[in-house]
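Listed below are the structures to be examined.
Next come two complexes built around chain A: one with chain B, the other with chain C.
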Partner chain A sequence: MSIAAEPQTRTVALIGNPNTGKSTVFGALSGVQQRVGNYPGVTVEKKTGRMTVDGKRWTLIDLPGTYSLAPRSLDEMVAVDVMLGRRPDTPKPDVILCIVDANNLERNLYLVSQVLELGRPTVVALTMTDLAEDRGTTLDLPKLRERLGVPVVPIRAHKRIGLDALKTALAETATQEQPASAPESPFPEPFQGEVARIEAWLADARPGLPPLPRYLVERLLLDTSGYLEGHVALKNGNVEGLHAEILAARQRLAEAGCPVPAVEAMARYGWAASMLDGVVTRPDEPRVTSGDRVDRVLTHRVWGTLIFVAVMALIFQAVFTWSIPLMDLIDAGVGGLATLVEGVMAEGALRSLIIDGMIAGVGGVIVFLPQIFILFFFLGILEDCGYLARAAYLMDRLMTRLGLSGKSFIPLLSSFACAIPGVMATRVIEDRRDRMTTILVAPLMSCSARLPVYTLLIAAFIPPVAVAGFVSLQAMTMVAMYAVGVITAAAVAWALKKTAFKGPTPPFVMELPAYKWPSPRVVLHRMFERGWSFVRRAGTIIFAVSIVMWALLYFPRLPESTEAAFAQQIAALEDQREAADDAEAVEAIDAQIATLEARADGEQKRLSLLGRAGRVIEPVVRPLGWDWRIGAAAIASFPAREVVVATLGVIFDVGSDVEGEEGASRLQVALREAEHRDGRPLFTIPVALSIMVFFALCAQCVSTLAVIRRETNSWGWPLFCFAYMTVLAYFGAMLVYQVGTWIAA
Partner chain B sequence: MSRRLSELSLGESATVTQVDATGDVGMRALEMGVIPGTVVKLVAIAPLGDPLVFELRGYRLSLRRSEAAAIEVASLV
Partner chain C sequence: MSSVAELPPSVAELIPLTLLRPGQSGTVDQVLGTGDLVHRLREMGLRRGAMIEMIRPGSPCMIRLDGHTLGIRSTELSGILVRPA
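So, the complex of A and B:
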């Protein structure tokens, strides 16, 4: 049988506690060759990568971080099923790689104990050994290897130390024969007896079917939620009487002093202690690490709160100010490209499509990439150094006031970047009511798609003055826009928890990971990954919408007679200019020509399909201080908010030669110069604020609604979400405009 | 003398004597290593008075007061 050819591809599944650096290990092993998808039928993300060991190709499967393999839902079942090779969509792993934090060995060994019981070839990778050394902890690795009976490889993934040894261990373990017998059970005798009894019962009840892995039989006994019983019954047909059998077994166990489910924790932690006895030596006096000292300050009542606020303020200030030079650069590049195209193409529909549709549309969105990168850079640092968990801890009390938990904080914080990952991140919230509430308010967080809207209007209309000497009024307006979303979300969450999702507050049992220096590799990788996903959205949805919107503005064309009349007038003026002899006269004629051209443009846009739609709804948006052009832009941005910038660009004709002053973009200038029909400036500060508030609160994002549909598995919730947010946005914008105008007057 | 974990004062350590495992909180606490015999120390209280941070088994675990109340402890002798 040893003649059989070796399989070409091997598979390794990565499992580990959260905060052990599992993603860093995954990234270090697979490099850039990663693929992210979904397991069909569940909401668990399927992340796979590739690596090569000794010329053999390996597939890496990254399983969700977990403290325990105790599936109580379809989602939690995925990891167990993947490792046992029970999922038809995933190859059975040749090796299971268990990532273990050297500083938390006891608690990490709880999961290791469960993994070993799966009876699959296993390798343990020990991370953060440098931190353990700082703490004065010494580990007897040979002894630990011997006791666990599997390879234990110390690694520092972010410095790429130990990766070769790990690959060797994986290759050696994969080629070994399966363990002859299942590993020794950590459970006490009476429990093992009951497991054997259930196994025998199942064998009788399911003749002809392969025996259930022992680990799952144990879980049948331990899972008091009844999920696994349902799972087994579902997969294997008639297992009547199983429930009675399990209840009787639990009763006997309780009498024998092994109460379910506490017996598992007692047994596994007892096993972990026996594994570690004599392996770990800690100094008599626990050494205070720099991380501990930092933590004392960061979780301090006063200092911790001040620092939290300061960190958030710093991020917003940075997103707003640091990005400006880069944005100017991109803006100039896009403008240059448009000029180039204008020079080589003849005037007509195609040139207009390319310049005003394609270049302006996509360019207007990628110009905001610097801000997105800066935001994700900071969030990446906070995430990787362990501060995000502190944020959840600091915010929990506040969130419980709304009936949520600190765990909703991270999904909501992620929603500041994009509601899509935010809504998906709600999967960590076990409680359904909490999760639904978080999903429904997540789109109220000001996502990166609102940034283009905010920055455009703020830079154009909020004066760049400093308040109290150092905080810019522009940055303050930005913070205010974020606050509008947060405060509204708080009110909506509170209302939802009082009505549709009434119930007890769910648990908050959360590890506060040790602080560590963020790994530049991880931070940059996440930054680019998320930035890229924004570009992809910009490149697909937004591009398509830009084209559609261009067409809605370009067609139908002005009647030939009108166009000819304008052309005639302009031609006449041009003749006059030829004849004019002094510079002043030429200048005056030029101004007349520009006005005429703008009027012709205005006529064209009023006639266009979008202009007509905008004018139809103009009475509806007038209380918001808007005219038909802003109304049309709002309609156009239904598929994705950021489109409003591109649409405003097309409507306000930034394709024409309006060179900005002091690096302000041409669109900003165009907006500042925009007027009502009677010549009043269209954009006043209250109008700009009204638009910003509208976009802060509205649900104009098809992708978010689609994700909500997928996560809630219903069309009702995304529809509800869109409806309530649009109503709030409309009345919020109206309030801001009316109050703002009243103050200004 | 039996007390609740939520009743510890800042900096005080105690031994867990019993965990109410009927609810979700108890299950999770058990998995995280809060089992009878574990020594637990209250190391921090959040600015708004809740949740609490405990140190056990060399790591830090955050629990709300209401959750810590489901865990019985005995003062260290």
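So, the complex of A and C:
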């Protein structure tokens, strides 16, 4: 018997500037084996993958794209801590893989110089060499390797060229505990002297603690925001002492002609220039590429905007129309499964739990998938070919007025289809404040799930008359509902940027990457990645809430005597049907049975915990013009707002299957006939409007809240979102009802 | 801006980046502003000596820097003085 050796695992961390093709390299190395999560306590995405090198298992860690390793916040600290092995939740990387764009070596080498200073084994992967060649740039690779002192591997990840060489370089480098030669500091002598001085001071002030990595000591000196100072654990918390040391050091450096922080840019760009001198040759005249000519049209204020509107209209059309057959298919599949279970199981709580709780819950999750997949398929194409950055550039002027940037536009637009992909699409926004604001207002965009609510109530209560001869009042009401959401979102975004997310805006710089043909592999990969991350992360929460809501509607049961009375009547009718001879009579009896069953169901729902809750909250919803039935339907629609239509159907004794044209019209009739206890009609135009405004503004969608929880990595933000939207919805609905009633009177 | 172009080079040497005309290029000379903003701009490559070409003025404007096209808001660029080529 041989002792099976545990296959050695190694870890590599990927770092690079934005738009260097880092995600493509990550995808090409790890294939489909990847996991997306979150670093605890921050909003930074933790993306890990696996690959095999010479039979050994490797873990890949993808770090956020960045121009510089200069942490000024908790989020920016993550990358530095991961690479230095300072995070307990992440293994210390054996190698750092730095992705470098061959077209912009000066700026990319700025980051490389920081990475090399971390003192970890490093490999450089050079991407977009084909584009550099097209532009007439030539590179002396052996010379660059020699100067940098680390392997430099040219790759074309989307064509899988150079990946083997890259893996070999990683495997060879990983065996070194330290880099082959300690990198020379790019900083001038006086700066290095001050760093050594602070190192010595810290050694005294941190007895028993491992010395702070030299890179972090440098950063302490360079970080004028003071963030890192608060990050250092000191004996007796002598923060003032450290601060005084640093200020004194900066003073001396300024006098020595090395002002902080400017000295860093001078030193690193100087270093980059010395690395590249004689390595890169460029044509004297930059060639005008076909991409430049395309850009002249696509970023034009008029033509570019028109093309953008057309592209978005096309995508929306696809999201709405292409998804319908798929969503119907999923609906039918879920319905079929429910029928199957109904057939094989005896009636009872367990069957109801499986059908109405579990199957309906899972169905409620996966029914969103077609829209998510289609939207991310198109966004993936636009992103990969380089158009999405142009769209953000075009929309920036508009979004600046709300305190946001052009990068928020696509996520908000996506939210008209569904807030879930919209919230997920905010990952492209680097600025945390902008991203949080966008996430928090995205659910205010009228998503497709609000449509059934609008359609039902508009068809039932808004008279089909034309205003000014040609504009239908019904259509105008629909547009008004969308406008309510957009205007509220604008106001909330503006308010959030003035209060909770106030602060200096970081410079808005967006790279407009060179156009290229989208890679099907990358596009499909992104689409599935986002789809699955929704199912896995949000699915569990949605599933759990669906079961809770089921229980609230199922318990307690009707007393046996009531149930028996209904059963008896139905049985009697069934006997009559057996005896009936003509088709017309059978049909009439079937209709009676359906009415009875709907009534029994309605009785049960009224008795349930949720029905009782509706009665308890009736005083609260009365100012909105609602009675307890509408209140209960609103509570029941917490998991998903479109459920309110089915719930209204149950509560008003029509049955839950109101989706067919006939059912909807039966529900409309039932709603029109509904009365208060004193005989006044329950639904008036102000009441209908109040319900619509409530659903336009409320956060009745557990899937969205689950995705916000996943993206912000906290329960606080989804709770805040739910709270503020519910408050807005409540007062919005009250305003509409009160004003409407006053006008009508 | 034609008046600036007609001035002798010693006077017309430095202009704010935002005043470059479409297609005109220049070399970054000074980056002025608060410490953190300037530092971030430098990290992104807007450093002394960098070659910049204005593609589309306005806010945000489109510039070419080191062979890359960037969209930047003009408010951020007002402190960047360039020497027109």
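One rule holds for everything that comes next: the second predicted complex is superposed on the first by the 378 of 745 C-alpha atoms of A that agree within 3 Å, B and C clash if a C-alpha of one lies under 4 Å from a C-alpha of the other, contacts with A are read in each partner's own complex, and residues count from 1 in each chain.
Following the convention adopted for this analysis, a contact is a pair of C-beta atoms (placed from the backbone, for glycine too) under 8 Å apart; a residue touches a chain by one contact, two chains touch by 3 or more.
All figures in this text were calculated on a predicted structure; none of them were measured in a lab.
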| item | value |
| --- | --- |
| Contacts of A:Lys47 with chain B and chain C, given as first, second, both or neither | neither |
| First, second, both or neither for A:Leu398, with chain B first and chain C second | first |
| Which superposed partner A:Pro261 touches (first chain B, second chain C, both, neither) | both |
| Touching partner for A:Leu512 - first (chain B), second (chain C), both, neither | both |
| Chain B versus chain C as contact partner of A:Glu106, first or second or both or neither | both |
| First, second, both or neither for A:Thr299, with chain B first and chain C second | both |
| Chain B versus chain C as contact partner of A:Arg87, first or second or both or neither | neither |
| Common interface positions of chain A, toward chain B and toward chain C | 67-68, 70, 103-104, 106-107, 110, 261-262, 264-265, 269, 282, 295, 299, 301, 389, 393, 396-397, 400, 406, 506-512, 514 |
| Parts of chain C lying in touch with chain A, wherever the complex brings them together | 35-45, 47, 49, 53, 55-56, 58-60, 62, 64, 66-73, 76 |
| In the complex with chain C, residue positions of chain A that touch it | 67-68, 70, 72, 103-104, 106-107, 110, 135, 137, 224-225, 261-262, 264-265, 269, 282, 286, 295, 299, 301, 389, 392-393, 396-397, 400, 406, 504, 506-512, 514 |
| Contacting residues of chain B [partner chain A, same complex] | 19, 21, 23-25, 27-33, 35-36, 38, 44-51, 53, 57-64, 66-67 |
| Chain A residues touching chain B - in the complex, by the definition given at the top | 67-68, 70, 103-107, 110, 259, 261-262, 264-266, 269, 282, 295-296, 299-302, 304-305, 389, 393-394, 396-398, 400, 406, 430, 505-514 |
